Amino acid sequence: MTAQGKLHGIFTPNMVPLDTRGNIDECGLRTYVDWLIAHGVHGLYPNGSTGEFTRFTPEERRRIIEIIMDQTAGRVPVLAGAAEANVRETLAACEYYHSLGVRAVAIVSPYYYRLSPDNVYAYFREIGRNTPVDVTLYNIPMFASPIDVPTIQRLSEECERIVAIKDSSGDVPQMMRMIEAVRPNRPDFSFMTGWDAVLMPMLLIGADGGTNVTSGVVPELTRKLYDAVAGGCIDQARDLQYLVRRIFDALLFSADFPEACRIAIKLRGLPIGPSRQPLSEKHQAVLAELEPKLESLYAEAGVPCTRAAQSDFTPQQIGQIVATVLQSLNAQGSLS
Amino acid sequence: MTAQGKLHGIFTPNMVPLDTRGNIDECGLRTYVDWLIAHGVHGLYPNGSTGEFTRFTPEERRRIIEIIMDQTAGRVPVLAGAAEANVRETLAACEYYHSLGVRAVAIVSPYYYRLSPDNVYAYFREIGRNTPVDVTLYNIPMFASPIDVPTIQRLSEECERIVAIKDSSGDVPQMMRMIEAVRPNRPDFSFMTGWDAVLMPMLLIGADGGTNVTSGVVPELTRKLYDAVAGGCIDQARDLQYLVRRIFDALLFSADFPEACRIAIKLRGLPIGPSRQPLSEKHQAVLAELEPKLESLYAEAGVPCTRAAQSDFTPQQIGQIVATVLQSLNAQGSLS
Amino acid sequence: MTAQGKLHGIFTPNMVPLDTRGNIDECGLRTYVDWLIAHGVHGLYPNGSTGEFTRFTPEERRRIIEIIMDQTAGRVPVLAGAAEANVRETLAACEYYHSLGVRAVAIVSPYYYRLSPDNVYAYFREIGRNTPVDVTLYNIPMFASPIDVPTIQRLSEECERIVAIKDSSGDVPQMMRMIEAVRPNRPDFSFMTGWDAVLMPMLLIGADGGTNVTSGVVPELTRKLYDAVAGGCIDQARDLQYLVRRIFDALLFSADFPEACRIAIKLRGLPIGPSRQPLSEKHQAVLAELEPKLESLYAEAGVPCTRAAQSDFTPQQIGQIVATVLQSLNAQGSLS
Amino acid sequence: MTAQGKLHGIFTPNMVPLDTRGNIDECGLRTYVDWLIAHGVHGLYPNGSTGEFTRFTPEERRRIIEIIMDQTAGRVPVLAGAAEANVRETLAACEYYHSLGVRAVAIVSPYYYRLSPDNVYAYFREIGRNTPVDVTLYNIPMFASPIDVPTIQRLSEECERIVAIKDSSGDVPQMMRMIEAVRPNRPDFSFMTGWDAVLMPMLLIGADGGTNVTSGVVPELTRKLYDAVAGGCIDQARDLQYLVRRIFDALLFSADFPEACRIAIKLRGLPIGPSRQPLSEKHQAVLAELEPKLESLYAEAGVPCTRAAQSDFTPQQIGQIVATVLQSLNAQGSLS
C-alpha cells in the first residue's frame, strides 16, 4: 500500500464533453470536473467504460488525463483508465499518468478476444511487475474477459502494485468471494463496485466504495447513499438505494450504454455535446422519451434539473447563431 | 458493384509476424505474403481478428497495410481491416487504404459496447455514405455487436458501397437468411464465411467464399476444399471438410485465439515470432502439446511440416546467440 | 445392431390432437398417423418435444404409444419417446413400449436440472445396461442437459443397445465431431438431426436422416428434400432446403414452441384441437397472423392448404351451435 | 390475503429421504421434518427443486405432501410444490393439497419449453383464477421460464389468490424491481428469496423471508441469520452471511444440484439414502471429497456433525450385511 491510503468512497467514471465537431470540449470537461467535485464525489475515474475510452484515440486518452489532472489540481484523487492496445503501450500510459500524479490507474481486462483466466492473470502480472503506479483491476464481464476469484487472489499476493479491483459484475456473492480470498493477506486491497443498483448491499458486505455511473449525473445522491450506509442509517440507505437503482436502470437499460448518461448530464445543465457513435432515428426517439422520465426521477431525488433553461436553443442552434453572428460581423469588417 | 467484380474465393486473414522485441517483422510479413500467394489463396485480409488488429496501434495498422500492398503488388486483391476508434478515424483509414489500392475494406461491427441493431445500422450507414472504397461488413458475434439480417438488408439496399459481408458466426441457417434477404436486390453482394468448419455447407447453400483462418496455415488444403465444392466433387469435398474442421478446431479451441495459429504457422517453417499477449506457463504448455497434434494433422493433410528444421534453436535462443556473438566481437573491438 | 437395420430417413415427431375438452383425440391421432404415412414419412416419433411429452401424464404417454402402434400396424417403424421421472420409471416405459413392438425408444437427456456430462453419461449407461429395446439418445441443449461428444462416444462403445442419437442442436460441426468419434467403432450407429434448417448440410456430411418437425406439417416436402440429397441432386436440394428452412423458422420462431405447429397442421386440414398450455391474447393474435404467412409458404411449396374449408366455423363456434341446437331440442322435449 | 397472515421467515425446501431400494423413506422423512422444526425453521416447502419434484411420480408427490402434513400437524405452515404436467393436473393437485390443509402451494413457471412472458402470464392466470388455495409463484430462471416483473405485477393485480413469489434468481436489483412494482397495490404480497448467498441483502431491501436450501442442512444457522437481520444486528448478520454463503456455494456448485445437499444432510446424522439420479464414479469421488469440506464448514458454524457415528458402514454395506444375515437365517429355516 502506498502512503496515500486505501482507495475508498465514490469515484465518478466521468464522461468527456465533446464540441459540435466531435472534438474534446476542454472547457466543458473542466466545468464538469468542478461540478462533480463541488457535488461531493471522492474521486474521478476518467477513461473508463462510461468515459468511452474505446472511442478516443491514444493521444486523446492522454489529453483527457492531462486536463483532468490539471483541473482537479489535487482536490480529489484520480483513477486513470490506462488500457491500451497491448502491454507495452499500456505500461507507457501507466508511466505517463504516473508522471502526471494520478492516484492509480485502472486497467480493464483484455477485451475483444475472450481470454482464459490464466492468460488474464499473465496479462496483469506483466503489468503489475512493471508499473510505476498503483493498479486497479477492472472486471466488467459484460464487455471484457472476466477476472475470476483465483486470478484476483494470485495477483493480489504476487503484485504489491495491484491495490484494488473495480468490479462491474454487480454480483454480490462474487464480491464476498473476492473479499474473502484477498483481504486476509492484503488488508490494504480495495474493493470498488461499479454496479450502483447494489451499492448499499456491496458496502454492507464490505466493499470500500464504488466507481458509480450515477455519481456522474446525481453525485449528491450517490454520495448521500454512501454516507447513509457508512453512518449506519439502514432505513435511509434503503430508500436511497431504491432511488439510485431507478436512475441506474434508466442510465443502463434505456438506451445503448452510455448514451442515456449524456442526456442525464445535459439535464443537469452541463455541456456534454453529441455522441461519437452515430445514433439511429429510433435511438434518438428513445433518448427524447427518456428526458421526461429522468426529470421525474430528478424531482423525486430532489436534485435540480435545468432542462427548461437549456431547451430554448440546442447546442447546434447556438452554434448556428454564433456562426451567423460571426458571418454578419465579418461581412461588416468588424473582425478584421 | 465496382468494375473489379464480386468478392469470392478464399481470403486469408493473415497474422503479422513479430520480431523478438515484439515489433512488426516486415521481412517476415513479406515472406508470409509470398508464401500464401504461392500456396493458392485468392486474396488477403490483414487487420482482421486473426491478424490481432486490436493489439496494434493505429500507426502499426497502417504500416501493415502498406507492407501488404507493396508486397502483393496486385497479384491478389486485398481486403483491409479498417476499424478504428470511431467513425471519423475509420473513414480516415478507409481513405488511406483506398489510396493504397486495396480492393475493399472490412469493418468489424462496434465492439466492447454491445450496440442495438439500429445503432449498428446507423454506424455502418454513416461509413457507407462517406467511404471512398468498397466496404465489407464484418459480423463476429462472439467478439462484437451482432449484425442482424434486417440490418444487413437495409444497408445493402441503401449503401451501394457496402458490397459484402464476412460472417464469422458459423450459423448456416443465418447465412441462408442473409442471402435470401439481400441477393434478390443486390446480386453483386458477396457472402463470405469466416467459419471454416462449415465451409462446404456454406458454399453449397450459396456463399461466395470465405475468409478462413485455416488458409493461413494450410492454404493449399482450404483452397482444395473450395475447388472441390466449386467443381461439384461432393465426396471429395466432404473428406476435405472433415479434415479442415479438425484443423480449424485445433486453431480455435486448443488455446486462446489466435495463439494456436502462431504455432501452426511456425510449423510450416515460417517466421512468426512471439505473441504480444503475455502467455501463462499453463498456456505455453498447452501450446507445446499442440505441436505434435498439428504435425499429425499436417501429415494427414499431406502438407509439409518443417518443425524439425526449426527446432534446434528457438528465436529466443538465436537472439541470445547473436547477442553473445556481438558482445564477444565487441569485446574484441571488431565492431568499432 | 438389431436385425431391423439402421435407423434412417425422415421420422416425424408427431403432435397429439386433442379434443375440445383437452383430452387425447384418439380418432384425430389415427387420422394424422395415416396422413403422415400416406405423405411419405419413413417413421414416427411420438412423445418427443414437438409431441409435448411433458404436458401429458405418464398414463397418457403410454396411451399415445398404444394408439400409434395400433394405427401404424407395422407400416413404418416407431421411435417412442420414453423419458419418465427417473431411471426406474423410464425403464418400465422401455419395457412396455418394447412389448408393443416399437423399433426403438428415444430418451431425452435429463432436464430441469442441468447435469454435468459425467452424470448424463451415468444416466444413459444405467438405461443402456437394462433396456430390452434399442435406445436413441436425444440431445436438445436448448431444453435439456447437453450430451457432449465424449459422452456419446463412451455410451456407443459400452452400450450395444444404444444405437442412435437424435441431435436437435443444429450444430453442423458438432455432428461431424460425433460421427468422427462414433462411426469407426459403431458403423451401425445412426445420426439423426432434429434441425430441419440444416437438413441438407447434415445429410451431406453424413447424417442418416432426421426427426423433423416440418415433416409433421409438410411431410411431402421434407421427404422430397431427403430424396434430393440422397439422389445427389444438389441444386434441387438447395432450393428445397431454402423453402424447408422458411417453414422451419415459422414453426420454431413465430410463437412459443410448438404452438405454431398446431396452426400449421390445422391448415393442412387435419384435426388438431387446442393447446394444453393457456395462450395469452397476444399469443393468439400472433398465431392468427401466422396463418396467412403459412398459407403463402404452403402455396410456394405446392402443398394443399385447406384453411378455407375449415374457417367457416371455429371449434368454439361449432360448440356453441351444438349447444344452442341441443338447448332448443331440449326445450321442445325432443331429447327426453 | 387470507386470515393466516403473510408468508414470511425461513421455509425449508426439504429433500425426501429414500430407502435403499429408492422408495420414499417415510420414517426418515418424518424424522427429518421433526428435526427441521426443532431446529427453528418457520415453515416447510416440499416438492421444490431441492425436493427433486421432477424425479417423483405424480402419486409420489401427493404421498410426500400427505406425510409432511401429517407429521407437521400444524406446528409450522407448509408451502406445497404443486406443479404437474399441465394446468388441469396442477389444479387437481392444488385442490388436493388444499384439502390437506397446506398454507399455500408453490408453482414453478413452465419448464422444458421456454415460454414467452405473456404465456407465462396466461399460465398463472388460469391457475390463479381456479385455485382454491393461495399460490406462490416460483421463479427459477436457471431451470424454468423466467417470470418477469410486468408478469408478476399483472398477476398480483388480477389474482387475489396469488399471494407471493419465491425468487431463486439471486438478483438483488430484480427483487427491488418486483417489490416496487407489486407492494404498493398488494401490501400483503410476500417476497421470498431462494438464493441464500444474498439472504441478508434481500431481507435488508425488503424481502419477507426465504425458501433456503441451507436451512435444510444448517437450519439453526439460516434462522440465526434471519433473526440477526430482523433484529438490526448488521455486523453479526454480515459474518453469518459470509458463512451461509460458503455453505450455499458448497451445496450449489460442488456437484450437480442437489446431490451435495444429500451429503450435507447425512453429515447432520439424518437418514437420507441414495439418489435416484445415477451418479458417475467421478461424481461419487467429488461428493466424497466434499465431506471433509462440509465438516469443516459445520465446525466453523458451530453445528454438530455426526459423520463419525455413521461412517463405519455405508448404507450399501449395511444393506449387504442385512442381506447376508437374512440369507443365513433363511438357510437355517428361521424365517419360515
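Observations
Which chain is which? They are A, B, C and D, in the order written, and residues in each are numbered from 1.
Note that in this section contacts are C-beta pairs under 8 Å (C-beta built on N, C-alpha and C of every residue); 3 or more make two chains touch, one makes a residue touch a chain.
Since we're looking at a predicted model, the values are computed, not measured.
Of the two chain pairs examined here, A-B and B-C, it is A-B that is joined by more C-beta pairs in contact.
Spacing of chain A relative to chain C, judged by their CA centroids, is 52 angstrom.
With centres taken as mean Cα positions, chain C sits 41 Å from chain B.
Averaged C-alpha coordinates put the centre of chain A at 34 Å from the centre of chain B.
In chain C, there is no position where the chain touches two or more neighbouring chains simultaneously. In terms of which chains touch, the assembly is arranged as a closed ring, every chain touching its two neighbours and no others. Contacting chain pairs in the structure are A-B, A-D, B-C, C-D. On chain B, the positions that touch chain C within their shared complex are 170, 172-173, 176-177, 180, 197-198, 200-201, 204-206, 232, 234, 238, 241-242, 245-246, 249.
Against chain A, in their complex, chain B makes its touches with residues 22, 49, 54-58, 85-89, 110-116, 118-119, 121-123, 125-126, 142-144, 256-257, 276-280, 282-283.
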